Amino acid sequence: MEKKKPKKVFVSGAIPPEKIANSIANHQSKTEIGAHSIFLGQIRADEIEGKTVKAINYSAYEEMAEKVFHEIREAAFSRFDMTCAHIYHSLGEVKTGEICLLVFTSSAHRKTAIEACNFLVEEIKAKVPVFGKEIFEDETHQWKVNR
Amino acid sequence: MEKKKPKKVFVSGAIPPEKIANSIANHQSKTEIGAHSIFLGQIRADEIEGKTVKAINYSAYEEMAEKVFHEIREAAFSRFDMTCAHIYHSLGEVKTGEICLLVFTSSAHRKTAIEACNFLVEEIKAKVPVFGKEIFEDETHQWKVNR
Amino acid sequence: MKIHVKYFGQVAEAVGKTEEVLDLEKGTNLQDFKTRQVRAYRIPDPHSVQIAVNQDLMEEKDLEEGDEIAFLPPFAGG
Amino acid sequence: MKIHVKYFGQVAEAVGKTEEVLDLEKGTNLQDFKTRQVRAYRIPDPHSVQIAVNQDLMEEKDLEEGDEIAFLPPFAGG
């Protein structure tokens, strides 16, 4: 039997709001679900030493990142009684105000969905080899570091 | 000076996924936001003594409920450094698989958005006079109680 | 004195109506009034029923002319 | 023995390339190799740079023919 290929997490550029609406609509046939928890990361126009961020350009060690995303997702399924979990992350340029990360969990009960969503967000921030170049309005840049 | 009228929380029937996409799209101009946390309640097709829930019919002590929603929202703003908070709750019939509650919080930082969203969900479940009649497929019913 | 009474959810179902206006003796106590209604309408599981007076949850109060008393079964929002 | 080396983010920026193939002495130790590259390319803030060998984070290893070594600056996903 062939192993099911893990779903790709990376998308090119910003994640459109419609993608989120579609994800929700796709779950309306799953009537064992009672709660969805969604986290969205949005690019902030941070001001650093008088310069304002206008975009982040994301790059990644893609093969390893997709592997780690898959491992994190599997860990969440073994830890939480979830019905589904979806993760999307941007690669390339994402402008301020646009969405760069979508984490979407569903479960029969709210606490499970919420805890699983938080777990995924923290694990993604800590473990996935993604790099972010903050581009300022004057086209200079600095490298983002997760806290 | 006239006091700003609180925004209405109740919507008639299910909350469409497009409403959520619109809420997200409306926040893309707020570039001080770094994170959104969203909770969605969905009607579950619970099986109780061999009968399956097909819908919940929500009713409320509307004037008091809108007042309590407003108080909960104000309490969340005084407790968490949020940029925005939106709450929508269904009244009337919502079928299994459809969305009956949307809580949407935004903040510069993820932990604030997530904690504020959880706070709102728990407060809503505990304090708002909303009543739910679970309708079974044979048209009999029972009354839902929050745990 | 006249008071407005509202019933919700399974309480409204037991009572058979969603509201009524009652003429009470001045100074009637809230708990006494609740007990009276629970008996009169055989409201089930009365300990789970909370009372709001003029949209605030209350356990003790001397009722006044024009008060709005709501009988609220367990909440089920969300 | 040949190994494949990949550089990411600010490390790639400092190194001036994103990958290269190097011919190392058999049994070269991972930490020694990291130190060598940090010096050769003046990679800034080397303590913050993690190394993955064949897509797994590692601190100690004797490198082998065909290994893929990645220099990973601090993560910034999400």
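The first chain written gets the first letter, and so on, giving A, B, C and D; residue counts start at 1 in each chain.
The rule is simple: a residue touches a chain if its C-beta (ideal position, glycine included) is under 8 Å from a C-beta of that chain, and two chains touch if they have at least 3 such contacts.
If you're wondering where the values come from, they're calculated on a predicted model, not measured in any experiment.
Among the other chains, C has the CA centre that is most remote from the centre of chain A.
Between chain A and chain D, the centres computed from C-alpha atoms are 26 Å apart.
The centroid of the Cα atoms in chain A and the matching centroid in chain C are 49 Å apart. Remark: chain C and chain D have CA centroids separated by 73 Å (rounded to whole angstrom). Shown for chain B are the residues that touch two or more other chains, namely 41, 110, 121. Within chain D, the positions touching two or more other chains are listed as 78.
Inter-chain contacts, as defined above, occur between A-B, A-D, B-C. Interface residues of chain A facing chain D in the complex, by the touch rule stated above, are 41, 58-61, 63-65, 67, 89, 100-101, 121, 124-133, 143-146. Residue ranges on chain B touching chain A, taken from their complex, read 17-18, 20-22, 24-25, 27-45, 96-99, 106, 108, 110, 113-114, 118, 121.
Chain D meets chain A in the complex at residues 6, 8-10, 52, 55, 70, 72-78.
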